[in-house]
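The block underneath contains the structure these notes are about, expressed in structure tokens.
Chain lettering (A, B, C, D and E) follows the sequence in which the chains are written, and residue indices restart at 1 in each chain.
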Amino acid sequence: MGASPGTLIADPSAKQSALNLTLISPDACEFINNASLDDVAAACEQWPLIWLDCVGLADIALIEEIGNIFSLHTLALEDVVNAGQRPKAEFFDDHAFFVLSMIDDAKSARYEQISFFFGENFVVTFQEREGDPFEPVRQRIRISNPSRLRHRKADYLAYALIDAVVDSYFPIVDATGDKVDAIENELLNAQPQPRPKEHIGELHGLRRATNLLKRTLWPLRDALTTLIRSDAAFISAETKVYLNDTLDHAIRLTETVESQRETMIGLIEMQLSLSQARTNEIIGVLTIVSAIFIPLTFLAGIWGMNFDHMPELKSAYGYPAALGFMALVAVALVVIFKRRKWL
Amino acid sequence: MGASPGTLIADPSAKQSALNLTLISPDACEFINNASLDDVAAACEQWPLIWLDCVGLADIALIEEIGNIFSLHTLALEDVVNAGQRPKAEFFDDHAFFVLSMIDDAKSARYEQISFFFGENFVVTFQEREGDPFEPVRQRIRISNPSRLRHRKADYLAYALIDAVVDSYFPIVDATGDKVDAIENELLNAQPQPRPKEHIGELHGLRRATNLLKRTLWPLRDALTTLIRSDAAFISAETKVYLNDTLDHAIRLTETVESQRETMIGLIEMQLSLSQARTNEIIGVLTIVSAIFIPLTFLAGIWGMNFDHMPELKSAYGYPAALGFMALVAVALVVIFKRRKWL
Amino acid sequence: MGASPGTLIADPSAKQSALNLTLISPDACEFINNASLDDVAAACEQWPLIWLDCVGLADIALIEEIGNIFSLHTLALEDVVNAGQRPKAEFFDDHAFFVLSMIDDAKSARYEQISFFFGENFVVTFQEREGDPFEPVRQRIRISNPSRLRHRKADYLAYALIDAVVDSYFPIVDATGDKVDAIENELLNAQPQPRPKEHIGELHGLRRATNLLKRTLWPLRDALTTLIRSDAAFISAETKVYLNDTLDHAIRLTETVESQRETMIGLIEMQLSLSQARTNEIIGVLTIVSAIFIPLTFLAGIWGMNFDHMPELKSAYGYPAALGFMALVAVALVVIFKRRKWL
Amino acid sequence: MGASPGTLIADPSAKQSALNLTLISPDACEFINNASLDDVAAACEQWPLIWLDCVGLADIALIEEIGNIFSLHTLALEDVVNAGQRPKAEFFDDHAFFVLSMIDDAKSARYEQISFFFGENFVVTFQEREGDPFEPVRQRIRISNPSRLRHRKADYLAYALIDAVVDSYFPIVDATGDKVDAIENELLNAQPQPRPKEHIGELHGLRRATNLLKRTLWPLRDALTTLIRSDAAFISAETKVYLNDTLDHAIRLTETVESQRETMIGLIEMQLSLSQARTNEIIGVLTIVSAIFIPLTFLAGIWGMNFDHMPELKSAYGYPAALGFMALVAVALVVIFKRRKWL
Amino acid sequence: MGASPGTLIADPSAKQSALNLTLISPDACEFINNASLDDVAAACEQWPLIWLDCVGLADIALIEEIGNIFSLHTLALEDVVNAGQRPKAEFFDDHAFFVLSMIDDAKSARYEQISFFFGENFVVTFQEREGDPFEPVRQRIRISNPSRLRHRKADYLAYALIDAVVDSYFPIVDATGDKVDAIENELLNAQPQPRPKEHIGELHGLRRATNLLKRTLWPLRDALTTLIRSDAAFISAETKVYLNDTLDHAIRLTETVESQRETMIGLIEMQLSLSQARTNEIIGVLTIVSAIFIPLTFLAGIWGMNFDHMPELKSAYGYPAALGFMALVAVALVVIFKRRKWL
């Protein structure tokens, strides 16, 4: 970020770029993998709707050239190559810029930035890596007849792609919910000595993951609202009804995550309470054993002293009497402890 | 949600659908259970106000057909079959869509989504399962004369149904309050050794239930406000006064739940404080017993040593003197502890 | 609440109703206890300003009749008989409805709902039980000359009554503040062993009481603001200046209560910290006594063993040497503990 | 507050009133201590700008007379004599009322209410007690030439006085910050046994003081904003620029106090953590000593038993063997504890 | 702050002032270090864009003279010399004032206030000390051709400088994140006895640093928003697009810091939980050792008593029987503890 604003600099870890071109008309569609820029330029003139998907952000020259073809704003392109943007929507003269994070890999919950540009008749998407949740959208483009995707403009295609990304959060969020429930069950039903360190670490990890989700989803709501409230000519009122539906999904995701966070905070406090209760239980055992046997041991010590003149030691009934006295003391202590509810 | 938007897909666990038709005019009313779609179509033409109640959401074709009869919006129908929506109100050209959760079963506090569509002269409701809080409304429809339900339009009927659902929350919320009070009493008056794990688990469970209630009731306020503020022609100003009353109830519910949450958080902290106080009490007993008898036992150990030359052992007064000295030490320790307020 | 909206149903525990009528003109005033509805109807025609106070809400027919005389809205009357409303202000064509809670009994801090209706020339109040803070207002009505209460309209009388209720919160709030201060002093200056369970219970009780106060006072601010911002013809600009003063009092009450809550949360945390500090102190004593005497007792045990060949036992200096060694060990341990700051 | 609104009642603890009159014109200024009401009335006619400072609020008749001279509103005068008002600004026809708290005494941080009335050509201030931060303002009035105070109107003088009060908070807030830092240093660098009760009490006291400051400063921001946004003719645009500067100071004060509160909450939690860490350390010592010596003492007890037939006691190597075995056990325990990282 | 407003008073610790002048035209640029005021005055007439950078704030006369040359507002100059201002933007007739904090030294994270004035054709910056993040900007000014900095007006230069300061926060914030991660790893993977006091102190220090960052960055967002929303003629629409980008960076910084704070609070709670878990572990060891050996030692004490008539002592099998009985007791206790899951 030390460079002059508007100058694109590739992230050193960025992947090699490749272009996938999807050409759409009400009557036909064509998919070109590893398309060249010439293919793109040619398509722009021939097809009513094109979707250019650029995977990998290492090739700055290519990205700049795409920017030229579709007249994309330089600052927006800068955001494309600098991963880690907050979800946001921005409007330029004849196109909109929309950026959000998607879960790149369901297992590791790694995030990947995905950027959308769309105008009247084109959608350009930029992904950091291969792998996206767009396959169902491509499937629906292929099926010609009833598909709105073939008959509507770029705004509806952009909506369909954004919706696919938002919906791809649901499995991740549900998996988190399942983990929270599992920990809760284990804590409540656990044997008296649960492995506390494991739970503490696991809860903490989930908390971080949920905080991350929350921070990703909150600005997404604002970004979608910006799209819905825009008066740009290339976003139709009907598409806005659909975007509203996506916003509903985003709000549900946010609330689910928020609720998971509350549950987790409750679990962390419960874990502490249970741990404190466990301390009391252990200390209680120690106290009772000690408080009964330490006085008795003292008595045994008394009669183990080597004084010459200890008359009770000579008595034939000394030993049983001593044992009896000890038993009496033990019983008395137990009774006292029971009365005071310490047992 | 991977499907094309606007395509209805039944939840695999959805119940078989059945239609209940209620036909209302100022002078008469008719209840048709297990109505057919033909009944519905016929009724639409003959009766000034009809209420179609669809129980069970498995029959997608039926639901789509109902959508066609009343021109309901596809995205709203999608929300109907996808349970777990947030309470919300949406307006379409000639009808409104209102969705909320109702407590399906007072004992288990299981939630069920219930969706309302209403226009000028019809109300359509969709429920997931049998069992609803609408019986008093049906009762009031039957009683012809003074009932506003027979003389007013669909908006008032929709209000009456929504109001019935909102009011059905009161017993659940009150029951939660009673449970909170019971735990509070038990904690404060409990014997010194309350069963902490039970209380901790119970409090945690209540907390989750209350969080769920809160998340259900908060958006309900917004949804009701949307209805009240709408300028749709089919919602009369007078009905809005009544909806305002329902909103009042919803706000009271929210505030009661919020207050229960605060009390519960207080109880959780109190439980921790009491537990800590209990630890101190137990450790105090242990400390006093140990601190008095361990030194005494040491003394007994001294005089139990087997050295040949321990003059005090030979003395006739050695034993009583030793006992006296021990008693002295014990008294001294007790006095020290009392002075330092450790007893 | 299962009944048809607008149908009044008495609370089973409601008290028998009685009417107190206060008749006011600039030149005269008259107080009629246990007035009949005929008295009310007659007064309406003869006096420029009347105040009807209905104590006890059991007589539904009477309340409905009052509603008819003054044309009060049914939904508002429903709120009157259903205690537990949130403070609120509502406006109808020619009268306003204002409901709030008052402290019925300073000692038990029991709440009682009090409802106000006022229009151009009447104020109607409904109380649940006998006992109200209105005596000073009645006193000021009696004193004819300088009293604004005799010369102004119903809005000023309503203000004076509302103001009296709001001001009656001050002693309650101040008493809570005194209790908080008392607990704080006791905690900070207490002997080392304060009775923790008592404090915990007391703090928890105060916390609940304060939460209740907060929930009562917060909506009162909104309700008063609604009155002040209304453009109803029967509330004069000058009365609004006075209502603003009442709002100021309500805000001060809210802030005082809020501040007491913060202090209480601080006290609860302090109680926990002090308790933890106390645990450390007790455990410290236990540790030192144990750590010094347990090794010594072990040494005594060594020389108390009955082996035939323990040369040191035979030595004339064995015993004093053993005692000396023990003293040495004891001193060494004390020095080690002091160095490590454990003493 | 039980009295009729607008009736002034002196606080029983109010100090005797005294008037200080400052008369200002561009060319001259005059200071009259213990002025009479006649002086005031005379000055009003002769000087373009007068500042009347009333110290002590016991003389209700005097305060009412001042109210008459400057046509001050009765409700505002009521606020003047009832100390404990929230900072606020109110506008009347030709004058503004501004009330805030000032720190009366830097050492005890006692608060004192100070009220300002100002119109076109007068400022009236009411203080509870002698002692104010106005000396620099008086100084600047005395220096005739460059002083804006001599050439501008009452609004600028009022600003200068308010600014002086706001700035007088800085030393108090800075002193609190220093105390927080001192406690932080002591906690972090303290010997293992800090005096916890002192720190706990001190932190709690600071927390209360900071809460008080926060509650005093927050409404001050609103009050200043009210002044700045007013469209009263007697507050010039230029004075508003200066008031904005005062508002900036007030915001800085609020943020500093807020930050101190956060730090203090952090310190309280840290104190708890350190205390818990200390518990662990102490218990660790106890555990190690006990866990090593209790088994050894048991062994010594075994060989101290008086059974006739204990062959090892007869052996010449019994004693050294026993000692060796004990040493072995001790070493083994230490090794086990080290392996499990308990040492 | 006790002085008359608008009077500049140097901070006693302020550094000696020095002026650096940068002269810019589309065709040329010139850098004059240690410029005189005459240089400045001359440059104003000859160059279309000048940037005056004043390092060190001790020379009040110089600063006032600069104020005169560029007609800067006195209250703003007062803010320049009083370090510790909140970030803010203010607009005067023909120039804007912008103040923020920059990290003066990446290692110590010491803050330094930097003030900007800019109008149509000048930028004046004031720094407390040498060392700034402006070198890249100077570099871009030197490169004539493609640089927007040479062709645009003062607003773009001001943007470039503010952007450089905002971007200089990133390394600091990232370093904090790395430290948080390091502590987290250490806590989770640590040996059972982590050095708790170090972690507690380190976490507390990071928390304070993060609170400071948060308080610096939050008002920066507002200040940037003020710039962007201004309608001042000397800020072009295009520059606002760039300022929006800077605002984006500021928001990302704030959210990162906010997230680090949440993580840290989580870590502090986790540290407490782990500490509590550790207490349980240690106490568990103590309890088991004590609870097994204390009863056994008591038994040994019994048979170590010196009563004359203890028949079992005479028996040839007494000793092995006693040992066997003790072993039995030990095994029984271990079994009981295992059953109750205390081991």
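We take it that a contact is a pair of C-beta atoms (placed from the backbone, for glycine too) under 8 Å apart; a residue touches a chain by one contact, two chains touch by 3 or more.
Keep in mind the model is a prediction, meaning the values are calculated, not measured.
Asks: For the Cα fit of chain B against chain D, please give the angle of the superposing rotation, nearest 5 degrees.
Replies: 145
Asks: Indicate whether more than half of the residue numbers at the chain C-chain D interface occur in both copies; give same if so and different if not.
Replies: Different: fewer than half of the residue numbers at the chain C-chain D interface appear in both copies.
Asks: What's the distance between the Cα centroids of chain D and chain E, rounded to whole Å?
Replies: 26
Asks: Please report how many Å separate the Cα centroid of chain A from that of chain D, as a whole number.
Replies: The computed centroid separation for chain A versus chain D comes out at 41 Å.
Asks: Identify all positions of chain B at which a residue touches two or more other chains, and write them in rising order.
Replies: Residues 272, 276, 279, 283, 286, 290, 294, 297, 301, 304-306, 310 of chain B touch two or more partner chains.
Asks: Viewed as a graph of touching chains, is the assembly arranged as a line, ring, star, complete set, or other?
Replies: ring
Asks: Since the chains close into one ring, what order do they take if you set off from chain A toward chain E?
Replies: Following the ring from chain A in the direction of chain E gives A, E, D, C, B.
Asks: Can you name the residues of chain A that touch chain E in the complex?
Replies: Checking each residue of chain A against chain E gives 1-5, 75, 78-79, 84-86, 88, 191-193, 196-197, 200-201, 204, 207-208, 211-212, 215, 268, 271-272, 275-276, 278-279, 282-283, 285-286, 289-290, 293-294, 296-297, 300-301, 303-306, 310, 312-319, 322-323, 326.
Asks: Under the touch definition given earlier, write down the residues of chain E that touch chain A in their complex.
Replies: For chain E paired with chain A, touching residues are 136, 140, 147-148, 160, 163, 167, 170, 184, 188, 241-242, 245, 248-249, 251-252, 255, 259, 262-263, 266-267, 269-270, 272-274, 276-277, 279-280, 283-284, 286-287, 290-291, 294-295, 297-298, 301-302, 304-310, 340-342.
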